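For reference, the structure is listed below as structure tokens.
Should a chain be cited, it is by its letter among A, B and C, assigned in written order, with residues numbered from 1 in that chain.
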């Protein structure tokens, strides 16, 4: 039989506050994700691909897009990089889908909830694990592209810096959107595969049919369904590029609305989870 | 007072899971028992501040359950069901939970090792929890409840799935914690003999109400004026001879029962000697918690329940 | 061949993993408790008995027959598995009925037998509710009902009390007792030793795939002479009593844990109890209480399995 100590040691120090507890969840979560080979590969590939293709575009833009003006509107192109859509889906599937679903599956959620944190702390922490990783694909490539452009003298620093700022905002919006939606899907199920499939459905399942349908029936309003199209509209408008067929104010409202709604619904669902069985 | 409630009520739709519950639970080792559907789990959830009461108030360790964070800082909860994160190591999980409770990284790690040692997890602590046996997993569950040294432990069926050796180890650990000064335990269990061993005070719930509460020794004292004797041999003759000697004796399901009178014990052995019978047990006619429980629940049982 | 279960040198391996290792025992009349640490081989034994597995070595029979590929034998037994997930959408009544019909019983008979079985286990009121809403205790009883419904000769129950609330436990133990009283045999496994002691004195102790002991708890206890039997005696004169008892040559030691308590250890408990009344009577020492904390299944288990 193992040892039972005759004395039972006591702890006499005050506990740290909520901020540190949430930070602990974030730090441990990030460390766990960044140790998984799948997560590393997807993030690295995603960042690399999107950055490289955007930078390549920088060089070949004059040949590939002769009509493209040499100003801020150029930077709408890297922002519209299709690889972003692809890799965001992959990341949400590989990394994000399990963030809440795994805790539900193992019922570790009970352990979290029995500790001095609230459901919103928990959600915030999970979001703070996913968002930085997604931003490697949604924000980082854009900023790097602008930086490289300025360093190589292809664009002036003024334009580049402006582009970086706008990239931050637009990329940030996309990051928030996907973080919220992925966490929402992850909270719906205990099997992260299902959540992952959900992410792919939301992305490709909506984008491709919407595009096809819109051109077939010649009604661009259908494009509002797909988050990617909304993002393109907002990004385009932010960089001053010409319209993509749908109006950016509505697109922005849709993106923001869905983000907020997903967040709220996830929070409400978390509150309703039963953590003690009968 | 460990827990004080006043008119605590929780209603789910039509079900009054906890119904106008007013209790005062003292410090120490407390047993919480009740049939399924008695409101035990809802009550625990309310104490942990995971549910908001429909009506009434409650205080845990002097703090209102409205202030859920303050309450949970002082509670360590060991759930009944599986709840460990499978791909973390034992020590990693316990120290992580310590940090989520508010310990700084180094204290959490140090406590984590101490606590795992206390519960009896040795080198296994470096392996992933997914590889642990049931007994080891229960120990880790206990360890994560202990790591931040809470004032109140809530154990929900801590011996589920454990083999006899594991049960006895777990009960020893729970008992050690219960006896520790300044630390309190609420043990919720269907295994009433376990509750009898560990707890000094018991709260019995049924239908959302408290149907009994008090010191175990008082609740179970039964008739101190009767002696129970376990006899091997001719029991009927034994009883007859005792009756002849003017003792009030009869045969019950668990042996002979005799009203105490001076000289009874000596008479018992005389009778045994003369009959060539054996006396295997002689002592108090103690009711078990189980008998008390069943009696009380039968009394309050609604028809068709 | 008179035991309900006869096993001779039965071995079963899962690759390298041990199930049973030269398991030899004869048991099963009335109610028998099957006890052992996790991984000792209980589930393997059950699966062999109900014909789900075939042994690698040795011979095992249930009610005199080989369980493997033996459909008629399966009709004579009722099995309660450990796992608690029932078909959630079926009501209790439907659950038992369906399983009976799978057994080959005609529909009307199935309905009647199911109703009767549910009544026996005390689930009549809940029989029309879907099992997903059942508490653990109710599920255990539903499983027991389906095991009983086709009137088997032997019940094989794997952890039948696990998770059940006290009222359900009493009900289940009562049902088992009644079944045995009517001539049925019961083989039940559990980790909670005092539950077994409630209904029977017959046990089989399994450890590391072998049968370590089989038979009456007290007889087994008496045989464990490496651990002398402890008896606690309450008396106002413990030391004098100790002196008087020292006469018995099978007494090993005395302890005085309290001012009015004597703890005697003896290698031969039966002899001890036989001689005790004489000694107490002759010396006229007042003995106020007597108990043996040691004569329990828990003690047997601890001493044999450790």
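Just so we're on the same page, contacts are C-beta pairs under 8 Å (C-beta built on N, C-alpha and C of every residue); 3 or more make two chains touch, one makes a residue touch a chain.
Model, not experiment: these values are computed from the prediction.
Visitor: So which chains count as neighbours of both chain A and chain C?
Guide: In this structure, the chains that contact chain C and also chain A are B.
Visitor: Which chain is most central here if centres come from C-alpha coordinates alone?
Guide: Measuring from the global C-alpha mean, the nearest chain centre belongs to B.
Visitor: From the C-alpha centres, identify the chain that is farthest from chain C.
Guide: A
Visitor: State, to the nearest whole Å, the distance from the C-alpha centre of chain A to the C-alpha centre of chain C.
Guide: Averaging C-alpha atoms per chain gives centres 57 Å apart.
Visitor: Measuring from the mean C-alpha position of chain B to the mean C-alpha position of chain C, what distance in angstrom results?
Guide: Those two chain centres are 24 Å apart.
Visitor: Could you give the separation in Å between the centres of chain A and chain B, each centre being the mean of its C-alpha atoms?
Guide: 48
Visitor: Which residues belonging to chain A are in contact with no fewer than two other chains?
Guide: In chain A, the residues touching two or more other chains are 278.
Visitor: At least two other chains touched by the same residue of chain C: list those residues.
Guide: Residue numbers touching two or more other chains: 135.
Visitor: Going by the contact rule already set, what residues in chain B reach two or more other chains?
Guide: Within chain B, the residues that touch at least two other chains are 36-37, 165.
Visitor: Show me the residue ranges of chain B that touch chain C in the complex, using the header's touch definition.
Guide: Within the complex, chain B contacts chain C at residues 33-37, 133-135, 157, 160-168, 190-193, 232, 265-266, 269-270, 272-273, 276-284, 290, 293-294, 297, 304-305.
Visitor: Residues of chain A touching chain B in their complex?
Guide: Within the complex, chain A contacts chain B at residues 1-5, 8-11, 13, 15-18, 20-21, 24-25, 28, 32, 102-103, 106-118, 275-278.
Visitor: Where on chain B is chain A touching in the complex?
Guide: Per the touch definition, chain B meets chain A at residues 36-37, 41, 44-45, 48, 50, 68-70, 72-73, 75, 77, 79-88, 96-97, 99-105, 107, 111, 114, 117-122, 144, 148-149, 156, 165, 169, 172-173, 176-177, 180, 182-183.
Visitor: Can you name the residues of chain C that touch chain B in the complex?
Guide: Per the touch definition, chain C meets chain B at residues 35-40, 125, 135-138, 162-170, 191-194, 234, 273-274, 276-278, 280-281, 284, 286-292, 295, 298, 301-302, 305-306.
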